[in-house]
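Listed after this line are the structures, all set down as structure tokens.
Look for chain A in each of the two complexes below; its partner is chain B in the first and chain C in the second.
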Partner chain A sequence: MDTVNVEETVLKHFAAIVHVAPKKLDTGANLAAEYGVDSLKALKLISEIEVEFDIDIEEDEARCLKSLDDVVELIKAKLGLTGTAVRPLAS
Partner chain B sequence: MRKRVVVLNAYTLSPRRAEDLVRIRAFLEGLEHGGYRRSKDVDVDILDSNNLGEMETLTRDALRQPVDLIHAVGTPNALVAIRCGCGIPVVYYGAHPEGAGEAACREAGAVGVLTLPFTQNYKHFRLVRALFPGVKQVWAPFYEDTVFCQPDMKSNHRLHRTRTCGTPWLDGTSSHIGHPGLAGLCYIIGLEYREFVYHNCDDLLWGLEFVDRSNGLMMPYNDSIYCEGAPAALMRFSVERGIPLFWNNNTEATRIGAVAAISGCFRWAGIETGKIAASILNGATPRSFPWITSTKTFGSLNVTRARDLGLEPAPKVVAQFDEVIMS
Partner chain C sequence: MQKVLLTSVFRPFGEENRFNKAGDEELLDYLASRLTREPGLFALSSYVPASGLHLIAANLPAETRVLETPSIDEFVDELKRGPDYVGISALIKGFGKVAKMIALTRRYAPKAKVVVGGFATALDCIEELGPDYISKGDGVRFMRNLLGVTPEVPFVHPRMSADITLRIFRDYDFLAKETIGLITSGFGCPHACDFCSTSAYFGYRAVSFLADGTAMYEAMKGQCRESDGRINNFLIFEEDLMLFRQKVSQMGELIENDLQDSLGYGCFATVKSLSRWDLEQLVAQGFQHVWIGVESMTIPYKKGTGRDMKELFGVLHSFGVTTTGSMIFGLDHHTPEMLPLEAGYLASLYPSTAQVGSLIPAVGTELRNRLEREGRIRNFDYRESDLFSDVLVHPNFKEGDLKAATLKAYEDLYEAIGPSIYRLFDTWFSGYKNLRKASRSALRRRADVYARRVRGLLPLFLQTHEYLPNDEIRRRVSETVKEVTAELGAPTVTEIGLAELYKHVFALEDTKRRHLKPLFLEPKLKVRDYAPREAPKSELPSIPAA
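On to the complex of A and B.
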């Protein structure tokens, strides 16, 4: 799993939850304000990510996730992929 | 003078004497830990019934003699104990899904050990997905005559029935469902939730006819044990229609036809309540005990039953169960 795949996978899961095409997602946007993500949708995303990447995200960590960029960064950190440049998905 | 304790036991699914159940043995172990051996230091009368009306009658009869403490297994029994007990200390454990019955127990000063249900946490609940990968819908029937079906839940379901000519099951996206927590868990792990409230076994059987058999999972809770004939009807339905059944909060269910069941750890809860009971018998004030919350669970899997339904649980899924039945 590389950093690009992390972002693609996160976007794929999130797009299905909020019913927005992955390419139209703004990874820096606030999830609640921009996409109407409530606690249930947030937990769904986190749960799917935990399964997909075989990682565990603690409640405290989840509370800090405000954007998709935050989500990707957290996963990268958990997978030991930090410090690697992330290629933008959509230009 | 020798003390006397009355135990209100229920939720018995398999044909076993109450004295042989882990939860009862654990309570007696806890009492003994606090210095009260049964028949030597304390008389323990065990009342055993899956019928709340009968339990209330049995309790009132038992309380004609002096009683020092009541131990109740489960929230409905705790409420019976509080109603009948006239101030006798009540020590119980219960799961309180959606908080049902908790306020009444607290207000009455009962000492509670909360055994948080398996359905409290989405990380635990994901086991359902892993065990039943082909399932798309969770069908949860609730018996209306217990605390787990609150008045508004009952009235919302009745209203739904009068308004629809179709299925009596409410969809998880409806704002009228009574267990939104369970519906939310289903959503999180990618399952659709269906909820039905029934008033007797015939009504349950009628409702079961609306269950989509192709990719459903039956998920009853212990409230169904209080409806005469309902557990057997649910098991029969599961076997005859080939729908897996996952029982919430009673692992005895895997001995009578459920594929899997996960409950709070009743052994731990029994020991803890036994110790608290012993302290109270020694003079401690019930209200001095903080409520204990436990997330410990105990899971039982019937692999044979799973295979009968064409399921082959992966070893890492099987490993998550404390008890695995192979025959």
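On to the complex of A and C.
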């Protein structure tokens, strides 16, 4: 999986959860403020991306995810697509 | 032929992560985590199967596989076999795991329809996880309806059992375990106590599973026969069995007239329902254990009306009927000063096993609705949903106080009345003494059963005195042992050898406890296949997707 596909896949899953077309999503926006992501929607998103990318996301990592960009970055780090090891995300 | 996969949530349980809290693994052990949650080495242990899944599986017109405690990989392997339906049963605590299991199903078995059942469905937000169906309440009838057969075709009861042993004996396969059969009579409860999640979950009514006493007796007899008589002791699941007079009487007559197997049963009941029975009659007909919700010494619930609680427990024990007494801490009238008094009252009832839990405002209950209106629910984390949760805001207690008080009560009970296994031993011996010369032959047969049990436990108390909680309990145990040997004969060579073995196991486990961290072994995958149960096609309308 390449970097572009990671982003496309994340947007596809997220769009289905918040019922917004993928093209209309702002990847830098705050998930809670902009899209009403609560703990339940977050749980669903994390479950789906864990399965989709065959990765495990720990509670601390999940808590740091504030935007779709954060989500994509975390996945890329876990898949080794960033060229670096997993890095902590800013809270 | 349609294929159905029914599963519990996945393991591990003993790993703190976003699905589990530390200590969750303890909750799998029904006895050690709840009814004999006592300090020391005498606590009992029992892992109970996922009864609901087996009850459903045995009654579907489909090839059905039941998975208990699979790992994620084992669950995925099953998904790759292409089931038409995947049923996931979860408690509220397992909510996060349900989300992941639905996602896994969508990926590895995309054609399968997902059904979610169990107490997790009390959460309205379960819909947000995107299952195809939600089975709230009676899962057997729901799944039958879904698969197009009439829900009212008579049910068959699958064979289910649980082993009971001392917790410290769990890993020693050569030590004897007692196996009890598990029978489901029905679900739900009409008493409608405001805190009761079961009552609310089944819509405040009783839903029958086994139609009558004959069906109950046959389920027990069948399991006894298949085990060559080894399993003759059963726990019946029904929130208040003694409400069902005809069912219990019919089953009891068959048990009393069965001279081949001394079948016996334990059940859940209330002071209110028991007050309407002749207890001697019940005992003659196999009644041998009962769980009574004491809740509080001031008895704020209608189910506690009738005979005096203390008198009732005393009479039950005199017949050798062992008891579980359960109590709730955190009721509206409770103050910190009252809780030790409540624990003292529970100890005075001398229950064979006991449960002390915090008042849990379970989702879906009237209590929950009221406390939400009053702003008395702490931030909710589904992982905190268990008997010792501290989610209730109480004006007389700080956060953490109630949980600490419940755990302290278990310690107080242990110090005051000794280990549960001793109370069982003592109560059976009382029953033996009182019934051995009864005029009714069924009661004398019951005395023989008690004598065998007492004899079986005798070696446990011969060389373990140093591990009892205090001198007073040591004195009581010594006296009972002395009386038992006077009545039933001195220990045999085999019993003395067993006592010696137990002494060494206690010493080893005591050393391990003091020097090693507790080791938790995750439960293994259990798989059981059920052949399709033939049943006529239904003309019932299909159930709309969630």
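Assume the second predicted complex is superposed on the first by the 82 of 91 C-alpha atoms of A that agree within 3 Å, B and C clash if a C-alpha of one lies under 4 Å from a C-alpha of the other, contacts with A are read in each partner's own complex, and residues count from 1 in each chain.
The working rule: contacts are C-beta pairs under 8 Å (C-beta built on N, C-alpha and C of every residue); 3 or more make two chains touch, one makes a residue touch a chain.
Keep in mind the model is a prediction, meaning the values are calculated, not measured.
In the superposition on chain A, A:43 makes contact with both chain B and chain C. Of the two partner chains placed by superposition, A:69 touches none, neither chain B nor chain C. Of the two partner chains placed by the overlay, neither chain B nor chain C lies in contact with A:34.
In the superposed model, C is the one of chain B and chain C that contacts more residues of chain A.
In the superposition on chain A, no contact is made by A:8 with either chain B or chain C.
Contacts of A:52 after superposition: chain C is touched, whereas chain B is not reached. Touched by chain B in one complex and by chain C in the other are residues 40, 43-44, 47-48, 50-51 of chain A. By the touch criterion given at the top, residues 17-18, 95-96, 99-100, 102-104, 106-107, 125, 128-130 of chain C touch chain A in their complex. Interface residues of chain A facing chain C in the complex, by the touch rule stated above, are 40-41, 43-44, 46-48, 50-52, 57-59, 62. Taken together, the chain A residues at the contact with chain B in this complex read 40, 43-44, 47-48, 50-51, 56. Against chain A, in their complex, chain B makes its touches with residues 122-123, 126, 184, 187-190.
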